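Below: a set of structures, written as structure tokens.
First chain A sits with chain B, and in the next complex the same chain sits with chain C.
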Partner chain A sequence: MEARVKASALPEPGARLGLLAAVRGDRGGQVLLALLGACALAVPALNLLVPESSPLHLSSYTVALLGKYLTYALLAVALDLVWGHLGILSLGHGAFFALGGYAMGMYLMRQIGERGVYGHPVLPDFMVFLNWQELPWFWHGFDQFWFAALMVVLVPGLLAFVFGWLAFRSRVTGVYLSIITQALTYALMLAFFRNEMGFGGNNGLTDFKDILGFDLQSDATRVGLFVASAAALAFGYLACSYIVASRLGRVALAIRDAEDRTRFIGYRVERVKLFLFTFSAVLAGIAGALYVPQVGIINPGEFSPINSIEIVIWVAIGGRATLYGAVIGAVLVNYGKTWFTGALPEAWLFALGGLFVLVTLFLPRGIAGLWRRRGASG
Partner chain B sequence: MNALGLLPESVRRARVWERFAPRPEPVLDLSHGTILYLEDLSVSFDGFKAIDELTLYVDAGELRCIIGPNGAGKTTLMDIITGKTRPDTGRAWFGQQIDLLRLSEPEIAQAGIGRKFQKPTVFEHHPVRVNLELAMAGDKRVWATLFATLGGEQRARIDEVLTLIGLAELAERPAGALSHGQKQWLEIGMLLMQHPQLLLVDEPVAGMTHQEMERTAELLTTLAGPHTVIVVEHDMDFVRAIARKVTVLHQGRVLAEGRMEQVQNDRRVVEVYLGE
Partner chain C sequence: MTTQRWRGRSDGRRSPSSRVATGRLLAVLAALWLPLFCAHATPGSDGLEAALTQLTERSFATKAAAAEAIAESGDERALGLLRALLDGDLHFRASDGRIVFAERSGGGYRVRDALTGEALGEAGRREVRRIAINNQMRTQLRGLIAGLTLAHPDPQVRLAAVHEVMADPDDETLKRLRERLAGEPNGRVREALELALALADLEREDPAVRLAAIEGLAGSLEPAVRNHLVALLDEDPDPQVMAAAADALEGIAVRRQLNALAETLFFGLSLGSVLVLAAIGLAITFGVLGVINMAHGELIMLGAYTTYLVQQAMPGAIGWSLLVAVPAAFLVSGAFGVAIERLVIRFLYGRPLETLLATFGISLILQQLVRTVISAQNVVVENPAWMQGSLVINPGLSLTYNRIAILAFALVVFLGLVLILKRTALGLQVRAVSQNRAMARAMGVRSARVDALTFGLGAGVAGVAGVALSQLTNVGPNMGQAYIIDSFMVVVFGGVGNLWGTLVGGLTLGVANKLMEPWAGAVLAKVLVLVFIILFIQKRPRGLFPQRGRAAEA
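And then the complex of A and B:
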């Protein structure tokens, strides 16, 4: 039903689509982008220009928190692209997010240099602690930002490509695919927990000092990261909207609804899936890379299956197959989480579960479905 | 020729090995007016002969009905033509040039044979127009699809097919909202978007109302001529309404062939259909 409305709201087929034109006819998307733009202006102003004594002042803690929500939102958009529009229920998207995060974390570790507890010029603290004599080969290059940025995109993308190539070619679909994505992230979690892996074991990577020479604790850096997150979300949203509005997006929807039929009329279904899955993983990786400097830590817990399941819940609550619904869901649920874990820490998981049940029962189209005209286009 | 005799031939520099020679693009050659040659085909599944030395010719532009009781081999015959099933023996040619038994399923579809399955499957969430757009012949690779736009000519083609299948007014409706009969027409339209020369239509009127049946008959009659249409159908009223030539299958063989009136009065056909 929701997709039906979506499909008929698409721009005229054949219209040349610029990136911005991709949200033409997508009211929610326009509102979202406008809000993002407003936040990107207001948040820095309220944090940097308004004096701390004023009630309008936004603390740096809040700025980092909002920035974190935006990276979650990007992650949710990435998931909605493959789940909502292509029908691949990935229960392992947290893995791509975490890999992007680790790539960024490795860069931040190398930036610490001699300022670590042990003061070793090259080796990060945990390696000194574990009596490592030299930097493992895969840590080389991470002292360069460009290299780390490349890895942020490449590592999740490559994993998704190889995984997707194997899975889609063998026509693994539905719940089986969901289970193996879950297994993928679980396996990565176990691996990253091991000290021998060289990623800091269960402590992960933390104690970061600065990024590109800017002090991570300073207000200006936090604001900069917030604006970067907003820009990344806007870009990710536009790119996904472009794909969804293109003929490829229609093919994706066709695959979601009738995979064999799509194959029968000549589309290489596994390639479409592979492309979108890989693209989605890259977006998730970028989200992770922006997440890590704002929260100041990345550890194997990010790979835990429950995280990936939570992403699915954000999207379901926000409204599947709308893209902007994913943003709403991610922000609202995480705001709720922040509030709950402060007020009633034990109750959070029950609240999340209850919310999921209630939304499924009473809002099958999610929050985004609330202000869709009922019965639009039959 | 002995091995030694082969040697000079093998080292000749200008020699093109057969397996490396570029295979000529198959061209549909209808110079003899016959589009489909099926000769001495036999298929058996676990000893059961589904098709038994069947021979059948179809002229270009013809509208042919194939009828027969259950298990007569109608569906198997369609499967052979589309490459889904390989016959144990026999020959199947599409025009003078294209050997169907050497082509894979997608290659056969590419060569110009389209098949409509019994149960209509359309993309329910997409508008009727988009259903046709997706089915359109053309570059279907990922990158090309991502940046694809509709040219004027393609748009005209979609409109033409929409009119032909009688769904022009419902073009922006989601296909899921169509009636069963309309879905069948949309399916036929999706086939037409791929420019097939030969259309195989499997039980098009099953579950249709009488009115829908009449329109389907009209549609298929219009399609014959520019296309060749083979219809497999149970419904005798429908066959009577459209058929110019009927082939009756029974136990994997052609039992009778000819005009409907002739076939209807054939003693053997009556026997098979009515029992003794």
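And then the complex of A and C:
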């Protein structure tokens, strides 16, 4: 309830908005975009131009790590769009992320070509290992980047569209919706664990060599992927802000706060939900596609319900319904995870679990809420 | 009492054995004296020892007589000795002249005294010599073993013996079977004996006898029967017999299918009962309080670990440990539940999504707690003896006791909960609060206390479910996560706030899962069930048995 955005904070809905103008009233968003731009310049410079001996040098590992955080941040923004602004708590956003990742992974697998362990010109290693004779039909086309890129958008989008169409039409809401989204990602996880599915089963897809002809291990490629992630996050943030600030965004807020009333006034609630849900899934898919080449592996574990719940935590900790809060949460929690699992692996689950409890009890508006309150009083 | 039986048996067994020895009469006579003599005193240690010594002789005739003597000794160890001799495990140790059981280990043998079973340590390959037997002796030994087991005081051993010889009995054995049938007191063993004899009749010259035998065999589920009938179908000269065999086979096929179906249903109900147990606590907290308790699976895990700790505390009495573990697990998980409710959840009522997050955090903490305090590895929870084994309904269908016990347990827990909710003052208050909190408070119900107790009850039932699950699956820090989604599915499918819905939902999902497994495989069946539920929720968003009235709108 407290997380409602004050209507006065939004620009006039009637005015036609350019994409950049979407963040006009959004101080947090402006800061975020500025930071993002600075990172997109500084990180490549610190990695490529500063010599390795210098303390300012950023290792390639750090670049990939930061790139990973940015893809997580994009995923969190996608979730905040539907949870913070539309009231749909999706516990299955990890599924869209993973599907986008698998689409990219399939492209990267096909790029390996004859350099696999078995050296088969067409079939990826795991298929040779399973004694398959030819490529399954759904692997065709993934040797082309444009096709894979299309699938990154299409597959999560289509799944979200079909799922949302079924769910919203029959007015499955609230907790029920959360639970069936969780069931969705759980079912996908079980399915992808099967070798017969043709996605590498337990081991998933890995051992990637290059993307668009660039070696994935080289510093330049990593920096390129980092910049692409930053750009995707900036674009995703702007697009979400644009939607939130538009008339559609106002209706979405109305749906979040009083779905039946909005419906009775005459809005087509299902269409609004379906559009935002599908759009959010597409963003999640793009995040997944950028995640895979930087991490170097995609496996069915990405579908596990725990992962999806963690996304929710990022958003909750950062602050719902602010968009930039989602970014803060994703980066902070994942930085914490990296630090804890290195320094105190035992304590990580205690810390994460404790965070969940404390944030829901004492910080319902998240970190962004803290900042805002201070801004309001000052 | 035992001496009485032993003596009676040796009398009954003498006649078949006297047929075996013809050429080796003298030796046999000599050997026979010993058991006769010893049967009156303690059943024959001295006789056994003498016979064992004879086994070391070179002559196969002497060895055969010794084997006969062992069989005749009436000693409990005779069967084991003969089997060891047949399997080539019986060895002679030259250093001290003992007969030993030798088991290969590394380059040498691990040896045990054949008579006392006392472990004698390791022995090199050359220190022991195997007691060799020839083919003739093998046949003789098989006959002796069959004779011993067919006359064994334990009907289970007799039954197993009949089954062993059923597939391909020789004349010798048939004769023995017939004699056994005349004096057999146990109904099941009689049935098996008749079956074995009827199977033998299938080989007879006279078509009428074969027809009669087929009639007797119709409907039997023994694999041997089916094999014999299939053989008849191919090569019997008499068309009438062939037709009868075909008919009988068809009958058998139908019965086998029915049995397979019954077995699938049983497995389904068993899985369903597990689901019901796991979900029913959730049905209470979710249905009554509207709280999504993501830590429910961890409360189940705590119950399972309580079982483990109880067993560690009373290692001598595994059979009783479960009886102690059930209330203990209820209290432990219940206490955790009340603590969770008081410390966290009560601040979050009316905000279901926030509760979901907070309880998920609690679930992570509980998992790590168990990892840190006990171990990250799975722990071993023992099954008590009375839960092992299975209830054999017929040769094609047997139900394991642990699954039967858990099915019964689930029903008891379910009925107990229904009684608590419908018949006790607490139950009345719980229902009042769940229907209309404000009105219930106005009537003097202390709703905060009711909330805590309800949550504690749901958590306690989760703990009890953990005791049951510890008997079926691995107990480890992650076990709770395996059940949480299934539990939610059951509750959502059955209808929130309705225990009957949980029961019907759980059993239905269990049976559906197992029915699909044969053609879809275990994982795909589960995926299909999930997809089915996702689609089902579209049609009936409030589950199988929706709550009606105002409460449903909340």
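Operating definition for what follows: the second predicted complex is superposed on the first by the 366 of 378 C-alpha atoms of A that agree within 3 Å, B and C clash if a C-alpha of one lies under 4 Å from a C-alpha of the other, contacts with A are read in each partner's own complex, and residues count from 1 in each chain.
By our rule, a residue touches a chain if its C-beta (ideal position, glycine included) is under 8 Å from a C-beta of that chain, and two chains touch if they have at least 3 such contacts.
What you are looking at is a predicted structure, and each value in this text was computed from that prediction instead of being measured.
Enquirer: I'd like to know which partner A:Gly37 touches here: chain B for first, chain C for second, both or neither.
Expert: Once the two structures are laid over each other on A, A:Gly37 reaches no partner at all.
Enquirer: Between chain B and chain C, which makes contact with more of the residues in chain A?
Expert: Counting residues of chain A touched by each partner, the higher count goes to C.
Enquirer: Of the two partner chains, chain B (first) and chain C (second), which one does A:Val175 touch, if any: first, second, both, or neither?
Expert: The answer is second: A:Val175 touches chain C but not chain B.
Enquirer: Report for A:Gly119: first if it touches chain B alone, second if chain C alone, otherwise both or neither.
Expert: Touch status of A:Gly119: no partner.
Enquirer: Would you check which partner chain A:Val357 touches, where first means chain B only, second means chain C only, and both and neither mean what they say?
Expert: Only chain C is touched by A:Val357; chain B is not.
Enquirer: Thinking of the overlay built on chain A, is A:Arg247 touched by chain B (first), by chain C (second), by both, or by neither?
Expert: A:Arg247 contacts chain B only, not chain C.
Enquirer: Determine, under the contact definition given at the top, whether A:Pro136 touches first (chain B), second (chain C), both, or neither.
Expert: Touch status of A:Pro136: no partner.
Enquirer: Kindly list the residues of chain A that each of chain B and chain C touches, one partner per complex.
Expert: none
Enquirer: Please name which positions on chain C make contact with chain A in the complex.
Expert: 292, 294, 344, 347-348, 352-358, 360-365, 367-368, 371-372, 481, 485, 488-489, 492, 521, 523-524, 526-527, 530-531, 533-535, 537-539, 541
Enquirer: Flag every residue of chain B that touches chain A in the complex, lowest number first.
Expert: For chain B paired with chain A, touching residues are 106, 109, 121-127, 129-130, 133-135, 137, 140-142, 145-151, 154-155, 172-174, 176-177, 190, 194.
Enquirer: Which of the residues in chain A come into contact with chain B in the complex?
Expert: The contact residues of chain A facing chain B are 3-4, 6-8, 13-16, 243, 246-248, 250-251, 253-254, 257-258, 260-262, 265-268, 271-272, 275, 377-378.
Enquirer: Could you pull out which chain A residues touch chain C in their complex?
Expert: 89, 163, 166-167, 169-172, 174-176, 178-180, 182-184, 186-187, 190-191, 193-194, 305-306, 309, 312-313, 316, 346, 349-350, 352-357, 359-361, 364
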